[in-house]
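One structure below.
Order of writing sets the labels: A, B, C and D. Residues in every chain begin at 1.
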Amino acid sequence: MTDHVTSMLKTYPKDLGGVDKEKLAACIAACFECAQTCTACADACLSEDMVAELAKCIRTNLDCADICATTGKILSRHTRYDANLTRTVLEACRTACQACADECNKHADMHEHCRICAEACRRCEQACADLIASLG
Amino acid sequence: MTDHVTSMLKTYPKDLGGVDKEKLAACIAACFECAQTCTACADACLSEDMVAELAKCIRTNLDCADICATTGKILSRHTRYDANLTRTVLEACRTACQACADECNKHADMHEHCRICAEACRRCEQACADLIASLG
Amino acid sequence: MTDHVTSMLKTYPKDLGGVDKEKLAACIAACFECAQTCTACADACLSEDMVAELAKCIRTNLDCADICATTGKILSRHTRYDANLTRTVLEACRTACQACADECNKHADMHEHCRICAEACRRCEQACADLIASLG
Amino acid sequence: MTDHVTSMLKTYPKDLGGVDKEKLAACIAACFECAQTCTACADACLSEDMVAELAKCIRTNLDCADICATTGKILSRHTRYDANLTRTVLEACRTACQACADECNKHADMHEHCRICAEACRRCEQACADLIASLG
């Protein structure tokens, strides 16, 4: 998805400031992909026979999907950029991705959807951390 | 909207822990109301003849609407509560509401939608701050 | 919540066309309230000991919450109104609310959150139907 | 993004029914990509000097982003699939994508973001139409 994001980023009509465009595009793509993966993982957990043992995983997936979708949208806006807001939203997203990766990882051996979802959350967590670091 | 939120809060089948139920319900309601108000204010700004001067206001409204909707949903979930995530999401929401209230306030004399929206953002900012404080 | 919605509706700077303002405000408020209630009901179901029997209810709640939130936002925008889009979105929302009310109703005797949620879905379904009818 | 979606689709623990998995994965990916592109296009329009002439484009972009995100999430859930709801949501999404593609296309010669966005909307409109057709 990074290619789609990058092609739009290049068309922004004003100056993007000192932002690292590669890290920004990677983070936006990771957020949207993680939102989709967490939505699908919550639903796959819901269809497992042992759903009662996956309640925490479903809850964490739903939160992570919501905050990733919001972060992906906020990062897709560049008009009158607010560094303070960007940073706190990225921190919330990183926290949610870390919690979801940790939780999904516990079920990764048993459920392939949790294994793939943990990877998507880890990638998004790292992309948020990289973007935060580049903001200076 | 607080009555609706409270009536659902009372039906939660497990222990809600030590959370202040009144502050939680007030914050959930404020988040959903602020999400609606910011969505409407962005659209009202877009229909103003002087829309070019309201670009920052529209952008701030859209971000605030997104993060308020996500915060309202995350706070509506109580299963396997994660204090760490709740706190960072509330901080992001408070930051967005403060930025949007400040921006809308600049246009409050000229645009009634900005005046009402600044009030909704201020209420939500305060509700987030109150809930954060009660989390200890 | 209808009061908040109505107060913003009155500030819209351009002509709202022939839309029934009362039905529009009622539908927007019902959508946001239903989105909150369905989010809370999905989470309450997830905490029930018999969660495995509530998988369909959770799924229906999540879909209904998503489509209600989107419908509430689209209805909150009046700039360059598109009757065709409004109608199809309202139809999708009515369908989701009907499905969720039907499903929650099956568990209403046993779970108070499902009883309250079925009522919220029924109100939103009716508000969508009323608004569609008023569109002519 | 289709690869990510497909890898999750393969892990779903129950039967997916007679759905065309390729068309489903393509539609989910198109919905998330279109949601991102429309969000970015609305913001790029907002930064154009001639923003007043792009008000309809911004509004259409915001609606399309919302309904695409919701459709992408609903299609990512397979538990207790509801053909009736899926169909009406896909119809709403197709309608929004068509409206947004038509509007963006009017500005495609002048604004590269509108040209790229029109293409993303057209792809998503087609993916929705293909999936609807495959539902029989």
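As a convention for this text, a contact is a pair of C-beta atoms (placed from the backbone, for glycine too) under 8 Å apart; a residue touches a chain by one contact, two chains touch by 3 or more.
Here is each chain with its UniProt name: A, B, C, D = Four-helix bundle copper-binding protein.
Please read all numbers here as calculations on a predicted model, not as lab measurements.
Peer 1: Between chain A and chain D, how many steps is the shortest route if every step has to go to a touching chain?
Peer 2: Minimum number of steps from chain A to chain D: 1.
Peer 1: B-C versus B-D: which interface comes out with more C-beta contact pairs?
Peer 2: B-C
Peer 1: Measuring between mean CA coordinates, which chain is farthest from chain B?
Peer 2: The most remote chain is D.
Peer 1: Starting from the mean Cα coordinates of chain B and chain C, work out the distance between those two points in Å.
Peer 2: About 19 Å separates the centre of chain B from that of chain C.
Peer 1: Averaging only over C-alpha atoms, locate the centres of chain B and chain D and give their separation in whole Å.
Peer 2: About 27 Å, centre to centre.
Peer 1: Could you list which residues of chain B touch at least two other chains?
Peer 2: 43, 46-47, 55, 58-59, 62, 69, 73, 77, 79
Peer 1: With chains as vertices joined when they touch, what's the shape: line, ring, star, complete or other?
Peer 2: Topology of the interface graph: complete, with all chain pairs in contact.
Peer 1: For chain A, which residues are in contact with chain B within the complex?
Peer 2: 55-56, 58-60, 62-63, 66-67, 69-70, 73-74, 77, 79-80, 82, 84-85, 88-89, 91-92, 95-96, 99
Peer 1: In the complex of these two chains, what residues of chain A are touching chain D?
Peer 2: For this pair, the touching residues of chain A are 1, 4-5, 7-14, 28-29, 32-33, 35-37, 39-41, 43-44, 46-48, 65, 69, 72-73, 76-79, 111-113, 116-117, 120.
Peer 1: Touching chain A in the complex: which residues of chain C?
Peer 2: 42-43, 46-47, 49, 51-52, 55, 58-59, 62
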